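Note that subunit A is present in both complexes that follow, paired respectively with subunit B and with subunit C.
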Partner chain A sequence: MTIPEKASKLKQWQITPRAQNSRLWRIFSVILAFLAALMISSFLLLTARINLASAFGALFFGAFGSWRAFMDTLARSSPLILTGLAATIAFRAKVWNIGGEGQLIGGAMAGFLAFTLFSGLPKPLFFLLVLLFAFAGGALLGALSGVLKVRFNVDEIISTVMMNYIILYFLSFMLSAEGPWREPKSYYQQTVLILPEFRFPVLFPRSEVHLGFLVALFCALIIKILLDATPLGYEIRALGFNPKAMKFKGTNISKLVVVTMLVSGGLAGLAGAGELFGVQDRLVMDIANGLGYTGIIVAMLAGLDPLGVVLAALLFGGLINGAYRLQTVTGVPSAFVDAIQAIVLLCVLASFVLSRYQIRRVVDVESDLSSSDHS
Partner chain B sequence: MSNQIFQAAIIASILASTIRLATPLLLAALGELVTERSGVMNLGVEGMMLLSAFTSFMAAYVTGSLWLGVLAAILTGGLMALLMAFMAITLKVEQIVTGMALNLLGAGISLFWLRLMTATAKVDYLIIEIFKPIQIPYLSKLPYVGEILFSQRWLTYFAFLMVPVIWFFLYRTKYGLQIRSVGENPKAVDTKGVNVARLQYAATIFGGMMAGLGGAFLTLAASPRFVPGISGGRGWLAIVIVIAGNWLPWRITLAALIFAFLDAFQLHVQGVGVQIPYQILLALPYVFAIIAMMSSRARSEAPSSLGAPYTRE
Partner chain C sequence: MEPLLRVEQLTKRFPQALANDRISLEIFKGEIHCLLGENGAGKSTLAECLYGFYKPDGGHIYFKGKPVKLSSPVDAIELGIGMVHQHFVLVRPLTVIENVVVGIQDSGFMLDLKQAEKRLLKICETYGIHVDLQAKIWQLSVGEQQWVEILKALYVGSELLILDEPTAVLTPQETERFFATLKQMSCQGLSILLITHKLNEVKQISDRVTVLRRGKLVATINTAEASKAELARMMVGREVIFSVQKTEAARKEPALEVKNLRARGDKGQEILQGISFTLHRGEILGLAGISGNGQKELFEVLAGVRRAEAGQVWLEGEEVTNRSSNFMMARGVGHIPEDRLHEGLVPDFSVAENLILGQQRSALYRRGPFLNFEQIRKFAAMCVSTFEIKTPSLAHPTRFLSGGNIQKIILAREFTQCPQCLLANQPTRGLDVGVIEYVHKRLLEKRAEGIGILLASEDLDEVFDLSDRIAVIFKGQIMGVFDAHAANIEKIGLLMAGVKEEQV
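So, the complex of A and B:
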């Protein structure tokens, strides 16, 4: 608290809330947050006794240093675009879907089910059904949490997190020795290998960028239009902005919450199909591998903007990709990226404060108690 | 006759495990109770437990002292909670996402350092000597009851001791009253000239320290090694337990015991060899968590200002 200096006309710095949220300033503060996160992460690298320049160099070259590296980055960003979009649409409505991880697994499992059912069908139809099933698998889990929220008053944060654990144990059962999906005579918890002809087609020669990347870009566009230019999108945004007004307006909030969770879960489910049919080529226990949680960070970094999600996902895809090179070149465990991600999220959250306030130099006429509320 | 003795022994063993497994849940839940009572919603319990479990393990491994491990856990939990408090109370950032960030931070840093340690030590995994059960004189000799209640580790005794302590603190002391009032109506407390932010900081950091102790139990008193994600959702269960216990210390204890019982049941059923896939048994506490949330409609004691940052007008 400042001591009130009565009747003094001092020039002083003052922090005042911004009248308008400047978009440029917002982007600037996110970049600032990202740089701050890299600096803080450097301390972690120092605990590994690693030369910082060579570490960040390896990270960068591993991510964007060559055509091949860039292609791998694109491939790794595809699931992040989808889980990022999943978090974006839910968080816009202030519906806290933390279940991207589980919904991704649900999507992958439904996708595998489609594989066992429809592998005889012509390829375009087969892929369409796979995507449809994957969406439905994730959407089912999402909508379930939505219904639990509106009908049974179960907080969606709790139910989605619990669902993450439950679905993982379910997958573990399906892949166990007694389970129906276990590869016969395998030592590992995995299904049979999906043969190349059933995998998602590759977009660029000699790369791992598969159909899932196109699907992700397409979804980003759809969600952008959905949020910005449709009545449903308006309602989703309004629900996040002012749920009370929505109630007075007579909007069916219960339905809106369930629909939001359904779409959100479905998007994460699609990511599961991409991982199954484009990257892992079989259902394994760590099919999700944190991609659902990273989606939350991607969404926050993007300021909950669908097109921003694509950029943020590229950045994080690059980080994950670069981490592998980091490990091979310097021996720093690739888990470094997991730590960086959390630090980025914290810095981005803190940067929201920057964009909410502005620092101005004002002539202080009455330095009264009103300026002392930042105790 | 011998069959009956066998059954009684199994039941006693399940109940003893229940008390033991309730320890981390109870420690974290009691801490979260105090935090939430002050109006701060810290969803980072899982991350605080996980990183504390890791640092306590590492401190014990490097120094050879379990007590330094405990200290490391308390410090880790406290520091992470301080970060939460700074973000939530001072910067007034969205508490839900900040809590998630703590969880990711705990998972990321513990995994990174674990890989680093195992790579430099050139071993697959590190092992420590853990705390031994303390037999309470005379009482531990009682049939069944002795095994169930009086042959536990000190952290277990401590956790159950904290129940009346925290009840007394919240309902019979000035600071307890202030913390509860801040969660209900921060403005009223502020008007009385009490520093709202300071109370919330203290309550949040205390919650973090308790979660840290819960994490320490996992590596210093339950398992001799650290595995990634060792907290396994217990931090989240602690949050569920606070809600299911309607923010009341005694009910929270009951809820923690029920969740621990499910876990203990699962352990013993596996041992006896009942024909249920063990994955389904493992999922039981999480399924039950959702059911508990469905049936615990009574949220009469939920702090009114929970999760809402307080700003003076």
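So, the complex of A and C:
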């Protein structure tokens, strides 16, 4: 139907779903989301009577303001990239792995096992074995939940969360007074200190950015290629969109779910190795410290895109890092930063919905008709 | 004479399309009026506007000469407009009377079922409707359930009854009886708007017919003044070849043998109760039956996605009972599933990705550990051109294509992968006439190539047109297998309703 010119003043606005996501609009809506998050966070800070400029200044400078701060941010983002990737690959398949936390612990424990077994080997081989063990440790836990799902129809959300507790208490046992890994004569639940020569090498002098960061970047690239350009990635994506059609077209869904959980758990496990050999330098009870759960947020923020995960993890690493500065400068409790993180997430999620719609000007049909009747 | 319902310049716009473009329509008292059009022509949208379910963007509706604004179905019901949808809204454990009374505004706190029964009996008597009012819904056949929906509309005093494709769930005999009753209802002064895409029904029952095409009104004419071919031309916009050009069957050795197959449905019920038949190469074996009698489950067992509890399946002389879908696919069994969007492909994938679904690990589309995008694109481009798939690009998300093009993607994929036999469940349901013709042509080509095709369809005309032999399925059993030219439609219809030959 052609729209007569004279009806143009009777146009109205209408919100309609977009046929296709435009990339530009998506980026724009994310920027919009950050601005919105900034505004809402400002209100929050104002309620605490905090000077906004100094608060956000501290947050920013603490995160990216100096070489040192930037290095710390990179260091903090490494485990988040890995746990974020773990959530990404599982969620793309619509397999809800909430067990990143436990799989990280599993990876750290397997890494420590490798440390006790192979510390005599040449360093490159030693690090390779540590990474391999860490991946296997997380993968084992993940795959176990996968098997429970396909064999016994146990919901993976429940089983992965339960695994988080099981592995945590297993760690607690290993570090208990009776446990084999407890540091002799220590008051704390911890293993012996890992000597500097066995720690992950540092990438830049006088920084905490260790080998784990490179591993994380490498994994992001691998997962990107895996998802986009391999048959397995094709199947994982298809599983997320429509498992039924996959089953009808000859794919073994059960195997696919287990493989997905295996890779997902393995990635979280690698994060555990980085925390053990690059940050904590010993196995402690809070080795995971919420990194597994934050990975889920990072993955959602990244729109389940592996390269986006790197950016989102940098942002979250920066927020965590900047929070220390914010605390020292303004004296607000660190809970504020948790709140700001949540606000960012909510705004970005809302923007994903936004980017699926478009606002169009349409002609009011009724008046259009009456006007065309006259002509 | 003032029409009961007058629609003027009604327009309804959806984000992607103009569903109704300035449609005008008049329905008189006691008239049976057909609304004819292909899928997507805007029939249902128009009906939903008249029932207050959609709010039109423009135009006017007059009922008994007075302009009305319908903001919800409640308004329509109060005026006296009732509608029966394709999907029934009935409470299965309750009786017919209870279902009719439930949800009526003035029924009060306590239900007066005695009073309701009296009124319902009167309605049934007036119009010649035969339904056991005390029966529970789950005890009724689908055809009877439809009558309950109609009773619901009549009970609240509808003067205009809108029926959306009511014969889709009926056997030929049930359709006959249904139409006879509709005639009687119209003689009593009830107006009926019947939505359909079947030309036979239009000719058989209606006084007048309004034809829609792509959201636009083509014409309203007296049914008696138009031939079937003319109606078809108005509906489709070009000449339609009715009879399928079919060569003599070259029936060869058996491709697929099914012996005493038993399987359970999703709810654990025994849905297949000993199915046996043989599908030969170079023939089309039609499976006639009302949907829900085990067709879907039979196809799933044969495709390897549902377990058979007993019985055997033989493919080319090899037993393949309960082998995986992967195995069946590799042996050249193609499957066109009933629910093309949920079982046939991944709607969020691109056209190209869907065309290789199931073949993603094949060496054809791989280069080392990676997908060979160049090869995939080449193959997809070939499919798009040979199967006339209309898509903006190979990377276009499949869910934005029309049903016909989606079905063509599945056909292209299955045809290139099935050297032995093809399982086609409802391959043309919901498609436009043009695409249906195309699918038929392609199926017959495959048959000429010597492939055995098992074809299930609710459309008896389709089964008769295409099949060399016809098997009738009822409640998970094969009621009989007939040569297509020896079979007659009445007999098949009776068997579809479960009436055995001896009882006839």
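Operating definition for what follows: the second predicted complex is superposed on the first by the 348 of 375 C-alpha atoms of A that agree within 3 Å, B and C clash if a C-alpha of one lies under 4 Å from a C-alpha of the other, contacts with A are read in each partner's own complex, and residues count from 1 in each chain.
Methods note: a residue touches a chain if its C-beta (ideal position, glycine included) is under 8 Å from a C-beta of that chain, and two chains touch if they have at least 3 such contacts.
Values in this document were obtained by computation on a predicted structure and should not be read as measured data.
Student: Is the arrangement of subunit B and subunit C around the shared subunit A a clash or a fit after superposition?
Tutor: fit
Student: Does the superposition put A:G331 against subunit B (first), subunit C (second), both, or neither?
Tutor: first
Student: Tell me the contact category for A:D155 with respect to subunit B and subunit C: first, second, both or neither.
Tutor: Touch partner of A:D155: subunit B, not subunit C.
Student: In the superposed arrangement, does A:M39 touch subunit B (first), subunit C (second), both or neither?
Tutor: In the superposed model, A:M39 contacts neither subunit B nor subunit C.
Student: Subunit A residues in contact: does subunit B have more, or subunit C?
Tutor: B
Student: Considering only touches as defined above, state whether A:I340 meets subunit B (first), subunit C (second), both or neither.
Tutor: The first partner, subunit B, only.
Student: For A:A229, using the defined touch cut-off, is the partner it touches subunit B, subunit C, both, or neither? Pick first, second, both or neither.
Tutor: A:A229 contacts subunit C only, not subunit B.
Student: Give one of first, second, both or neither to describe whether A:N242 is in contact with subunit B, with subunit C, with both, or with none.
Tutor: Second partner only.
Student: When the two structures are overlaid on chain A, which partner does A:G250 contact: first (subunit B), second (subunit C), both, or neither?
Tutor: It touches subunit C, and subunit B stays clear.
Student: On the combined arrangement from the superposition, state the nearest Cα-Cα distance between subunit B and subunit C in Å.
Tutor: Between subunit B and subunit C, the minimum C-alpha distance equals 6 Å.
Student: Between subunit B and subunit C, which residues of subunit A are contacted by each of them?
Tutor: On subunit A, the subunit B and subunit C contacts do not overlap at all.
Student: Given the complex with subunit B, which residues does subunit A contribute to the contact?
Tutor: So the residues of subunit A touching subunit B come out as 44, 47-48, 91, 96, 98, 148, 152-155, 157-159, 161-162, 165-166, 169-170, 172-173, 176, 178-179, 290, 293, 296-297, 300, 331-333, 335-343, 345-346, 349-350, 352-353, 373, 375.
Student: Under the touch definition given earlier, write down the residues of subunit C that touch subunit A in their complex.
Tutor: 9, 11, 13, 15-16, 18, 21-22, 57-59, 303-305, 324-330, 335, 337, 342-349, 353, 357-358, 360-361, 366, 369-371, 373, 397, 400
Student: Contact residues on subunit A for subunit C in the complex?
Tutor: Against subunit C, subunit A makes touches at 1, 16-17, 19-20, 225, 229-231, 234-235, 237-238, 241-242, 244-252, 362, 365-366, 368-369.
Student: What part of subunit B is in contact with subunit A in the complex they form?
Tutor: Of all residues in subunit B, those touching subunit A are 43, 83, 87, 91-94, 96-98, 100-102, 104-105, 107-109, 111-116, 119, 195, 197, 232-233, 236, 239-240, 243, 277, 279-280, 282-283, 286-287, 289-290, 293-294, 297, 311-312.
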